[in-house]
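Each structure below is given as structure tokens.
There are two complexes below, and they share chain A, which is joined by chain B in the first and by chain C in the second.
This part shows the complex of A and B:
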């Protein structure tokens, strides 16, 4: 048991080191990746300004005019920052394409012949990557949050904090195992970039990444209920903002946990059957 | 009693001995039902070292192992590419076509064969990287493609020109990782690592990122990484390919002394004769997915070459008078640079040639030797190889489903 923990630590440490090898790339990437957040805030500002103007000219009250689907500009910015935080946990850049590439060029062989659990190895590597990235990116993030502090209403209660952290953790696991499963499809298709593109498209619209899911039409909301995407960005943010309460909150957490379990199982099944049909490409 | 799948040469050998065949009506069977008659007379290796050990449990035991790939056949041209979107044609490639092999503990066996013979596929099967289409194999009592952790901790695979080390980090980090993954005890690990790095002369390079090492240095690091956990079985797939002569020699020397000391069972594939001649007493020649020969190097020449090479050195004065004798009558004249002449001729002709020449021409020197091993094997390969096999197994990894 102890040796196993030390193994995990070594894998983690080495993955972390790998992230830090290319210093320039690391610096530029982490420090400047928060810039799109600024531009998005300006975009929302413009949207609300326009909506406000339209509403006022069609005779709405000042109260109504500053709301869009029940959100004020400040609400939306707060939501957006929180969804960025959720995505900090759940987005997995390069995971699926990396696994597919390793299958295609034969690098995956070393995982097959060494006595390690491939999924666990990738998971530790990904945790290390995120830690490396966010230990630096936390600076600009914290700054933006601080500047927009007024936009947040009442802070959540103790139980809700707990639920929030649970949802963030599960968002990480969900994002990881979902993309890992897509990467495993590389055993059948070798090239998964188109599939990834479709996934990204759905994720873009249905996860709450770009706009709160409350703004979707009713029929779209129904579809969203049956997909795991909302847990990647919308759900944790909504929990924090107090939009989801009481039994609905616990039910949401349970469903999120179920999705995580499903994708863990799927990734293992995909690995098992994928290895069976693997032909050892790449020499 | 059904006969297992046999190659032409194997079938011929078996037919004479097997009562089932002599009775007629026995059909070759694609499944792995093996004829015990075949096992006794054909598959059993003929080297003396093995005959005495046959009663013990072999470390590697392969029976009727076969692996068939379905390879996408693409026709040339853009139109064909578009057509390929709708309809794909596949061809079956029998990379490994029913092989039988027994390797005892501590043996150092060479797998020789042309490109596409099935050497690498066999190693991949024995490492558990791919699963076979038919047949069985056990290594150290494990079935490789079940990938039990207990098995994976006891063997190692090194593939020439392929990396298992982390590219951007120094080799020592990869070694540390191996220590953890294979659960090597720390003092043991440090001792082994230091021994190996000293033996291969790369001690000062362990702190350098792997991407900055030359090919030879990288191969040495790969070897070290593979041996850190002192595996009982080592699979080497063309370990010296692409290396310069000095590096090749260093690695050969290293492997030889390592194997002598540790008695590791080693299976080495190569198409470099020097690797084989330097290291292995037992040679398995594989071509077209079938084992053509299993025995010692000398046995290869005996079995596959019916020729000898005779080098004649004529005395100077003998050639002044007239032309050298017409040696072409006896065999192929390889070279005539007075006063020497070299002829390659069938064994039974040697005495005729000597009788003819000795009597009539004064000679300073006669050498009768075996043809170079490379020539014998090259001829064996060209006799049995088929062009499409070479296409299928090339490094560009064709689309395989």
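This part shows the complex of A and C:
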């Protein structure tokens, strides 16, 4: 028990130090990630300005065009910033492709002969990666949220904060196990890069990274409800903004937990059957 | 004497035409090889085409969604970007970006990798201009599907604009002739930016952020430039027009085609003139950076 904890601590520490090597790259990368959001915010600014003008010229009250799809301009800005924060938890750059590459190169062998659980090893590495990332990214994030403080309405209540943190934590776990499972498709197909590309596209769009998902028409919302992607960006942000409340909030958190459990199970099953198929050659 | 010079002396016939014909022949070989390579992984080719087309469809869906709101009839207040004008803009973005993706993107990505691994040696010893071979070797045929989607969107939007009942758009011959020219100038600007950034990996080694940087910067070119002209966004607008001229890439041709030839704001024709200067300037600058990078390149391994 003690040895196992020590092993895990060592794995975690090594991964953390490895990550902190590229601090400068990290800091620049984090700031740059706000750039696409900026263009999106300017687009919405222009959309709201246009809608205002249209409302005025058509004789309608300008108040009506202040809220489009249930969002004011302030809400939209707040949403994009919050979805960035969700993605900081749920995005796993290079995880699926890394797993697939290790399977193809045969590096995966080491998990068969060493007394380490593969999923656990990757999870610790990823937690270390994220902690290193947050320690650097907290600066840019704090700056941006401070500058944009006016775009947020009253801060949410304590219970909502709790639900928000729970949803972020599960977003991390869901992102991790989802990508791990997808990476393990590499046991069955040698080249998964185009498949990963497809996954990335859908995840970007369906997670709500591009726009708030509740803007979709009803039929599309139903489809989106049945995918796990919305929990990667939209759901935590919507919880924070108070768009999801009461029993709906509980249901959402439960479904998110169910998705996490499902992908934990799937990744274990995939590993089990994958290793049976796997044959490693050479030293 | 470098290897390429010695080759040039051995092989070049006295006439100037022969080497140029050779460049064309080499390029046609690149075209053919890329097609053969793309078609030998047919399922990959299909998946890539479908994936990138569905990405475009999703993007388009987002804009359709916005314009679905009864109050959203234009982008910005009185800037002239109604629904279909804006779609002409989007189509122009697609055309420029996809031309870059078809002809240059796979090469620029490969270039940083060649520098990092030291495989650039193979290009340097060939008796042909290094920038030529580095920039044009691969053609991504799978991106063509998106180019066609762009053409379709452009055609449809123009049809809607020219046949609408109130104030139909008349496309002047000047606009029709200048549009493809400015598309090509835009491609030249993006190409220069791209090759400069990948050449920079000679000095930087690891340039993961730089590749992302490219996507983030071109992201600014996707929308009409006036939308940035609010508060501190104006600073962004000037930086991305005059220092890194990505804003003129799509804005100039799209504006030319989507809006009537006159009246025009005072700055529009000067901007169009500036776009010509900017593209010539960027190509020259990128050539200079490229050659500096090749000089600074030290092979890795062996």
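Here, the second predicted complex is superposed on the first by the 247 of 283 C-alpha atoms of A that agree within 3 Å, B and C clash if a C-alpha of one lies under 4 Å from a C-alpha of the other, contacts with A are read in each partner's own complex, and residues count from 1 in each chain.
Everything that follows uses one rule, which is that a contact is a pair of C-beta atoms (placed from the backbone, for glycine too) under 8 Å apart; a residue touches a chain by one contact, two chains touch by 3 or more.
Here the structure is a predicted model, which means the values were calculated and not measured.
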Partner chain in contact with A:145 - chain B first, chain C second, else both or neither: neither
Chain A residues touched by each partner, larger count belonging to chain B or chain C: C
Contacts of A:134 with chain B and chain C, given as first, second, both or neither: neither
Partner chain(s) touched by A:106 [first = chain B, second = chain C, both, neither]: first
Touched partner set for A:17, first chain B, second chain C, both or neither: first
Partner chain(s) touched by A:49 [first = chain B, second = chain C, both, neither]: second
Contacts of A:278 with chain B and chain C, given as first, second, both or neither: first
Doubly contacted residues of chain A, that is, touched by chain B and again by chain C: 22
Interfacial residue positions of chain C with respect to chain A in the complex: 44, 47-48, 51, 54-55, 58, 62, 65-66, 68-69, 71-79, 81, 206, 208-209, 212-213, 216-217, 219-220, 222-224, 226-228, 230, 233, 236
Complex interface listing, chain B residues touching chain A: 69, 120-121, 124, 127-131, 147, 149, 152-153, 155-157, 159, 161-164, 166, 168-169, 173, 176-177, 179-183, 209, 395, 397, 399-401
Footprint of chain B on chain A - complex, ascending: 3, 6-7, 10-11, 14, 17-18, 21-22, 104, 106-107, 109-110, 112-116, 188, 190, 275-283
Interfacial residue positions of chain A with respect to chain C in the complex: 22, 25, 28-29, 32-33, 35-36, 38-39, 42-43, 45-47, 49-55, 60, 64-65, 68-69, 191, 194-195, 197-198, 201, 205, 210-211, 215-217
